[in-house]
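Two complexes come next, and they have one chain in common, subunit A, joined by subunit B in the first and subunit C in the second.
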Partner chain A sequence: MKNWQKHLGLLLPVLIIVGIAVGVKLTGKPATREAFFTVLKAIALASSLNMILGYTGYVSFAHIIFFGLGGYVGFYLVSAQGWSLWLAMLAGGAAAGVLAFLLGKAILHLRGAYFALATIGVNAAMQAFVTNFEPFGGPIGMNLNFQVYQQYGGAAQALETAFYVLAGIALISVIVSYLIRTSKFGLGLLAIREDEDAAEVMGVVAPNAKTWAYVISAILPGIIGPLFFFKNGNIEPHDAFPLQSSIELIVMVMLGGYGTVLGPILGATAYQRMRGYLLTSPIFKDIQLSVAGVLLLLIVLFVPAGVVGWLRNRFPILRRVLQ
Partner chain B sequence: MEFLSFLVDGLLMGFVYGVAAIGMSLIWGVMKVINLSHNVLIVYSMFGVYLLFNTLEMNPYLAILLMAIVGLLMGILIYTVALHRVIDAPQLSTLLATFSVSMIMTGVATALWTNSPRNVDFSLGSISLGPITLPGTRVVAALVAVLAAAGLFLFLYRTRPGRYIRAVANNRMAAEMVGVPSNQILALSFGLGAMVAAISGGLIATFFPFNVLSGMNYQLKSFVVCVLGGLGNPFGALVGGLILGALEGVIPIFIETSWVPVFEFGLFVVIIIFRPSGLLGAKQ
Partner chain C sequence: MTRINDIRAILQVKGVSKHFGGLVAVNNVTFDLPEGQILGLIGPNGAGKTTLFNVINGVYPATEGRYSFRGKDVTGSKTYQMAHLGLARTHQVVKPLDELTVRENAMVGACFGSKDYNLSNAARVADEVLEFVGLIDRAEQPAGSLNVAQKKRLEMARALSAQPYLLLLDEALAGLNPSEIDAMLETIREIRDRGITIVMIEHVMHAIMNVSDRILVLSFGKLIAEGTPEEIANNDLVIKAYLGDPKLAERLMQQNGNGE
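Let's look at the complex of A and B:
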């Protein structure tokens, strides 16, 4: 690490995630742990969405399908085939990656709003298909036999393990996100975002670059899916493919600053904490969706670069730390 | 015979889908914005008709007329507040701006009316055409839909503001140069798109139960219809609506109803991949 100063940008992201894990370990309260489980999940998912949305500039309204499909595949392997959770998570990631590859080949040639529309269609088709797919339990979904948790030291222990595994995955996501951002591959993606035709002229092989960015961004949600639904104990089409969550992820990325490594992390943390607060507050609990909507509208209209982007523009000296 | 009655039923529904989609297609054609607040415009109109019918005992079709005007005003308001500032920004901004409107209005609607299902308890008896028997509300809805579409086309092709709208859709910069007030025209176009969405919402409310979240489903159908007919081609949207309605009517004869969305959205994705300009082709 002779050139450690070059990698200052990785410092804050790693510190935040390690901080969350250590903080939860120190307090030791299951309730805190559960609250931060959703935060870490949001960080990992938002960071992965950022690779296609922020770096490459393609608006996907269907990012959650990778989480849902991975979750379904992994859950099916654990509950019906008796696989271990760890293998099932890898299988979920692989399934999501394959889907992203095929989808990428099919729809990534569409630009702008056409791509966004196609992803909305894919999300709806996927949810409708799984609802009708009997091996996955159709509309009722699947349940996990409680015995399964015995292998992982009982239900309580399994919940705790799941949290630290998720922290590990979140850490991997932000490191991957950072590595892409600082690599030549990432530079190519950013060029595609700014002007795809110009990028191609300059030698970026746009179709390949986009597809691989899409595949990488899909694998992480695919791995998290089985873990999340294993912890839940059941899976239903409605929980696995909520269009709403795809949108919430976009809000998180926009809030923190799209196209930055730190942005999705801050955005996800802030959004999840705010949502938790709104849901429990007596005044806002009925209109928490509206509050989130107002927040999104204000960002889109007045701070399109998000918090991190705004700070980077305002204080250029911070750019080294705020990647 | 069963086939025929399912088909006619589907086609009647298709006119209503078509009108909803015309709104979306018009907005896309004029300003290249996918209106993700389409769903709330439909839902607010449904609830408007429901409330006017239940509390004031107003005739539902009069209520739809009122809600159309409300829809027009809502559209102009949405454009002015949420869209005008980002109309020249990348599409990410306009998508998210209209979506945030949808979130805000859905949140308010949920707080006001909860999630429970409603229906407008209104009947016009049924109409028999030879072997086919159809609910009167469906037939009237199809007629109103056709009238609304015809009215919109007359407006676009026979009036001065309509001509301005077509000019802006064709080339905004050139239209501005010859003195078309493009800001007002953009707001008006968005309002008109919202108005026809509101009309279709009101029509659907006269025969289907609905709740605060129903709009999403019809918004998705509008996407399918728009892509079938070619985005930005309002006439195509009407034809696309008929195709979708016919499919919805006929598919359940051969396979369980729950598979219908799989076919619909599958078809949608296939068309957008292979013919993004739509089956009928977009105008430009």
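Let's look at the complex of A and C:
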């Protein structure tokens, strides 16, 4: 009886994602479904970024590379090697996890601004590598033969399936995020975020904890990448590694509240809806990214804890529900 | 010295030096620390006391020398390895995990210290320790909202939650008012009575004379004296290097007597 109360913090995150999936099912409109596909993708990516940015305190400007690399590896396996999408998604996740492990060993010992700068370099290097890697189609990228969709019940059915699979992955992302946040491993990460030296003095094995947090945060985008580009039908370097998306993910996490489970979900939903509005508005459509910049500035200046963080500080009674 | 050799040494430091470039911060220091005692570490500012802590704790590698903890050579171990072996410390400049609650701060100590507790046991240990250091009423508060005296106690609580065998206290009394100092000294004695060995760096002379079983004196990185508080207060070298005024030493001993 008491047991479910302990996990009250998981309630809202799960409800939001299930609500989106059910809502889309009920309306049955492909346009609504496509709009919420990007919302779910943003929720999953922002939640995964939060594990390294929000829990561990390492600002990464390269989170999108895991999405891009996973996407490329998975797309290549589906289009050139004839793998099934599901296996390709797992392979994409594995590739992203391995990259994060190697990167973690190489640059996670850097602190603060130095780590952030290194990730910008990594983002650029990754894009340059893929642009020049012939098996992945170089600068042109790769296309999917439309025949492939037949295995998944035709193109229209494949699009719909992709949406519900993504909803499942988003659900897994927030559950993983919650499990980390409420675990001993997560407590160690939070300690690292607050003061890495003090955490180590208390016995937190920071090098390992940081690396594993980074690997877990990379696997989820690596799984989503193949699904996204499978649905798109083609993949190109600038679609797979847009630096601006890495920044937008940071805005989402900061807007909702870094280091909380619910924050990135709210931040991603709000930002993605706002972005949709801005992109279609005649005034803002060209300066949509500068709105993101101004938004980030305002958050950092006035609500550094984000919406959920602010609510938790303001109304301690809500803490059990808002995690 | 014979008395010391009879008791098991929890920490043995042999010829440890630490150089920072040309600066010799700790110079060939050797001592044994018997289990269950409070050892005071005193000396002028810049004498190398905190550096010695940092070497034993694994923050800096020793340039020369070796040290062993509970009979095992631990020279060059990392800070988190020392924590797992049962060494805990507090910091001169407090390092609270600001955005975590007071209880979570103590839980970090319990989870990752010598006992490797799971979260629910860590919460229980944390609450016991917070009760002991007098912070239990603030368990739900963010650590950043505590005042200096409370943050000092939080450092202590985190270290104790790790259930260490040896506790290094770096100026736990600095910045506290006289009544806070008395309360903290009482806490420190109780910790020793629970069987935890303590090394404390301190500048509050009457306090350290009062609470220590033995005292080491460092000056310019060198160990210049070692002995009971009485021996240290009457040691000519120590008076010259640190205490300055011979009358001060007498007065300290008188205060010590009154304090008992």
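The criterion applied here is as follows: the second predicted complex is superposed on the first by the 321 of 323 C-alpha atoms of A that agree within 3 Å, B and C clash if a C-alpha of one lies under 4 Å from a C-alpha of the other, contacts with A are read in each partner's own complex, and residues count from 1 in each chain.
Here is the rule we go by: contacts are C-beta pairs under 8 Å (C-beta built on N, C-alpha and C of every residue); 3 or more make two chains touch, one makes a residue touch a chain.
Predicted, not measured: the structure shown is a model, and the values here were computed from it.
Partner contacting the larger number of subunit A residues, of subunit B and subunit C: B. Once the two complexes are overlaid on the shared chain, A:M254 sits against subunit B while remaining clear of subunit C.
Residue contacts after overlaying the shared chain place A:M202 against subunit C, while subunit B stays out of touching range. Within the superposed three-chain model, A:V321 lies out of touch with both subunit B and subunit C [touch as defined at top].
Once the two complexes are overlaid on the shared chain, A:A35 sits clear of subunit B and of subunit C alike. In the superposition on chain A, A:A118 makes contact with subunit B only, not with subunit C. Note for the complex: subunit A touches subunit C at residues 182-184, 187-188, 190-191, 193-195, 197-206, 259, 316.
Here subunit C touches subunit A in the complex through residues 57, 59, 78-80, 83-84, 88-89, 91, 95-100, 104, 107-109, 111-114, 118-119, 122, 140, 158, 162, going by the rule given at the top.
Residues 28, 32-34, 82, 85-86, 89-93, 95-97, 99-108, 110-111, 216, 220, 223-224, 227, 231, 256, 258-259, 261-262, 264-266, 268-269, 272-273, 276 of subunit B touch subunit A in their complex. Those residues of subunit A that touch subunit B in the shared complex are 53, 57, 59, 106-107, 110, 112-114, 116-118, 120-122, 124-125, 128-129, 131-132, 139, 243, 247, 250, 254, 286-294, 296-297, 300-301, 304.
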